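All chains are identified by letter, namely A, B, C and D, in their written order; residue positions are counted from 1 within each chain.
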């Protein structure tokens, strides 16, 4: 239960969280927080099934990426395994006009925005730094420096206000993603200051996956993270981050508040990073198997499958088909990754400045001459 | 009333504050906050009179500094006018073993630590950057970059814990001073994170004097500043910053909590900067006279004088003597300032590195040779 | 329409023009609104353009630059004021890791037409952190452009050119020259003014080349005056653009004079003088009659006000270097 | 007691010695405890010295360095780990405005014996911000000392020397050399080792002088090997100390060879090569047969992994520069 004391579900952390679907796949009709805010969802059967499809698809694509990395086809991969519900729910909660500022792990959000999942693979393969047009996709480039994107999001949101694009259901809202570790960064807290002072149309979406690489949550805070918002004068809500329905309901409500001109909200999605931090990491050095096991029981997909099954919203044919479709997509992704051309060496001199620079131009020319001479020589 | 809803005194801001002496000079016996913490003081008559003496003295010294600046004897001066109670109360609340980390405005705290008031004048006259030994005086050098000292204080406090110097009444505590504007800096919020995570023996003492140069409080926050602490998991208390008794009582209690191992507290001293930000500033450009007038009625010294008079703790002879003594101290300060020698030009090469540097040595020598040649020449 | 204006007032006029010419231009920073900035460079602008165009921000430099990035992504052209040189460092991460790199990162998809104005340099009798010259930290950073002005006319035009440029630009303002007067043609459109990233011969001469920028141009010109009395004709080049450097006029001059002295306030070690000396030597190896000499701040933290004159390059130190060059 | 150790393991041993030798030494940073650091440089240290000596900190670099300042005032000797070069910038304000200046500010009363370890440089196929060479930003800052090691023996001794020094030191670790092996004498006390702030001739030769540091020393040595096959004898100098620079061995070499090439990964513009070139020219003006040439990273943001080899100086580019120097 958000900000409240009562708990929902045996699996809730102290202080509770908003949960609309239990780990066992039971639907909770609605949750009313201590502040009197009620959260619920109403989806058609088809919409429920599509949410399931999203969850399975993003997990499957993620698994493919992990495999590609192991096979040496990607330089690194930051897996979202375990965080599918947080990402799919919040991503689907966005409206068309909303803008997202991701970290390096929001592949699931990206997918739900309707963006071709290949988009971030240039970054992870090492052929580019993630070069797309944020305004075209309403999805900023991945940000690797922890926390910096929260200020970008806040500035963008200030611009939304200045453009007069808040104050009604057609208004625009902005969502900034970040992790539990990021909450310690000064810049993130400055974003909280700014969003409060300018009443910006912002949702701060914190995926608390319990770890910042090896460091457990206690290294970042001694109280639940959602309570940080109170210190800056806006609401903080904790959700069961493994419950796609809670993620959807609370994010949708917060985004709508923002677009209506009611200012920012912090959402803490309480979840778990099931895999390594990235493919370079070895989590066995800092956490015990039983902890991972206990989170397996809260898996976002199996609970949703259980729900669909119990409610007879889907059958094995459907599940099989979803798996099959996801597999096709994944294989397609694999092909696209393998087909990615390496950048031209000379391209390292491109896109340094919109207006160019004589220094860079001179170096480009020198480089070209050197390359040419080289190719001409015995080497 | 701290964190609570009920107000004490007609002059309290919304949300209330801890006040033990009203603007009219009425003593409030004790204040119990919504959290059930009771604050009170019990001073001997002599101690009350000494507090008054402190207040008058630091104001008088400050006025002398302002005059010295106008006369061109100081490069700049950051006046504490109006903030005497916050500083004297919190300064006197420190125990001998406690350590303070000031900004550039804590002349009153410095004075109550028993330090010769001349100490920071090297900085303001431009003969040095404020060069004293923090450990000798248990008072760090003035910090000009907004907020940075809060992290230094937190690190020092971590060291106190590591040294096993907390956990009892002899324990050490650390107090960090900063302004309302500083609360927006990322580094200050990182200090809150750290102090919370390491349960550091810290008091964060924020003098909310309503302005950061020209910017009013609304530019930094939309809720009262003391509530920031809740976001980081430790208590925040607002006090009437113009009430030396509240400042003393709450700071003493917070420092004692810290030294006993109970972790950090944020104190917001709600006060007002009666003068300009510094001697370089022109406050008429951004605030109206009536606002300043309304704060005059809450003057920390006149209320204390009224209290002493009403309680017959002091008479005109005493007040006259205090003024006279303060005047003597101020004239003494003036003489010391005027007698401050200018630094030797060559001293710019001193104290760059504990172990020296050949680069600096070479430049020192070159400089000396150049100076010598110059003096030898026609110039 | 030529007027005599202080450098500070010329900047103020330039900013006003920029606000008039493009509704997407916004000014943001600490105290830039009601107060008009601690140096009054933004004086009167909030009054005339409103709180949405001239924004008093929270006291946090990373926030100023970080939100400017977001505003730029949204289509705005933010002009950030950093109150003093020594206070830009909380924003350093945003500047070097985000502002400088987003165009590259996004393969040219994101332009950040951000200008970061920084009053810099010493000589005003201030306390610590108020007199620094951090330009090398930015000039060494690919993706940023760095410029500085030395006189009112340049101040007026260059600030407008910087704002209309799509490149992220660090705009250094020589704070101790804010009160120096000069002629400004207020009718000059930015596109007709001298190009932003070009250096300029500020004084012609054939005997030795003085290279300076920002607050030191005046010192170099004064030194040249004094040298002229002794029959030595010094050419003075005002760099104006610190990144990229425009050194062709410098090379041309050095090929003519054979002697070069670079002057700046920043510490010498890895200051701009190092790069300029290295490049001159590479380009003019056979013309140089002496190594390029540097007259700079010393490699110590900026000293207390009462000794800052010892730290700052002055006419005598410049002439001494010229003498040393001739005596090599 | 000589052992073959990787550079990373040598650092680990050096840190262990430092923790053993002085109870005031504390290691702090992100993931330095249980994980032993993302490069395992602090592997096993928390286990053996406890959580008060090897501290996993919150994820905030300004906090790491800022609290280290306070710990140092309290009498500790903090060794901060910054996880990667590109993540030092949130701490930049604390480093340049506090760590570098507190000794000066306090007239010598406050010593901050802080070491800030930064794995730096490219060549490991990483994503953005993980391959940068920001040493010039620190070397330009008075009050800081800056060192880097190029081999296991130096790594072992230099980290201990840096920790025992009372100066604040930025310690750059050549991350792509972490896995290179070398002989280390583990019985060598830091005070008996080669002095921390001295450069060293890594290979003698009389025809041209190569100046390199950190990860590029290996490249320079390989280039010298290759040149030797062609009959050219290159002297290689490993700078080790980046601030202050110890250039006397460089001058001696250049006076002998007349040809100098500086090699570093950082962008050329205002990189250390600029300062070194300027100083060599000043000191060895009449010995130089060609200008000092620089082989450096280009003045672009660090590129994507699949083209980083094009960006990084390699043997061929070094030899090309040597050729150009001889052909001047």
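In this section, a residue touches a chain if its C-beta (ideal position, glycine included) is under 8 Å from a C-beta of that chain, and two chains touch if they have at least 3 such contacts.
Nothing here was measured: the structure is a model prediction, and the numbers come from that model.
Chemist: Could you quickly compare B-C and A-C and let me know which has more C-beta contacts?
Modeler: A-C
Chemist: Among all other chains, pick the one whose mean CA position is farthest from the mean CA position of chain D.
Modeler: So the chain farthest away from chain D turns out to be B.
Chemist: Could you grab the centroid distance between chain B and chain C? Build each centroid from C-alpha atoms only and quote it in angstrom.
Modeler: 37
Chemist: In angstrom, rounded to a whole number, how far apart do the mean CA points of chain B and chain D lie?
Modeler: 41
Chemist: Roughly how far is chain C from chain D, centre to centre by C-alpha average, rounded to an integer in Å?
Modeler: So the centre of chain C lies 31 Å away from the centre of chain D.
Chemist: Using the touch rule from the top of the page, what residues of chain B touch 2 or more other chains?
Modeler: In chain B, residues 128-130, 145, 184-187, 190, 193, 197, 219-220, 352, 357, 359-360 touch at least two other chains, as defined above.
Chemist: Note the residues in chain C that touch 2 or more other chains, in rising order.
Modeler: Residues 57-58, 60, 62-63, 86, 89-90, 93, 97, 101, 104-105, 128-129, 142-143, 243, 245, 269, 298-301.
Chemist: Which positions of chain D touch chain B when the two form their complex?
Modeler: 26, 52, 57-58, 60, 62-63, 66-76, 78, 90, 93-94, 97-98, 101-111, 113, 142-143, 145, 165-167, 243-246
Chemist: Which of the residues in chain B end up touching chain A in this complex?
Modeler: Counting only chain B, the residues touching chain A are 183-187, 189-190, 193, 196-197, 199, 218-223, 227-233.
Chemist: With touch defined as at the start, can you tell me which chain C residues reach chain D in the complex?
Modeler: Interface residues on the chain C side: 62, 86, 89-90, 92-93, 96-97, 100-101, 104-105, 128-129, 136-137, 139-143, 243, 245, 266-267, 269-275, 277-278, 281-282, 285, 290-294, 298-301, 328.
Chemist: Looking at the complex, which residues from chain B come into contact with chain C?
Modeler: Its residues touching chain C are 75-76, 104, 122-130, 144-146, 181-182, 184-187, 212-215, 219-220, 280-281, 285-286, 342-345, 347-349, 352, 357, 359-360, 363, 367, 370, 374, 379.
Chemist: Applying the document's contact rule, which stretches of chain B touch chain D when the two form their complex?
Modeler: Residues 101, 128-136, 140-141, 145, 148, 150-160, 162-163, 186-187, 190-191, 193-194, 197, 350-355, 357-360.
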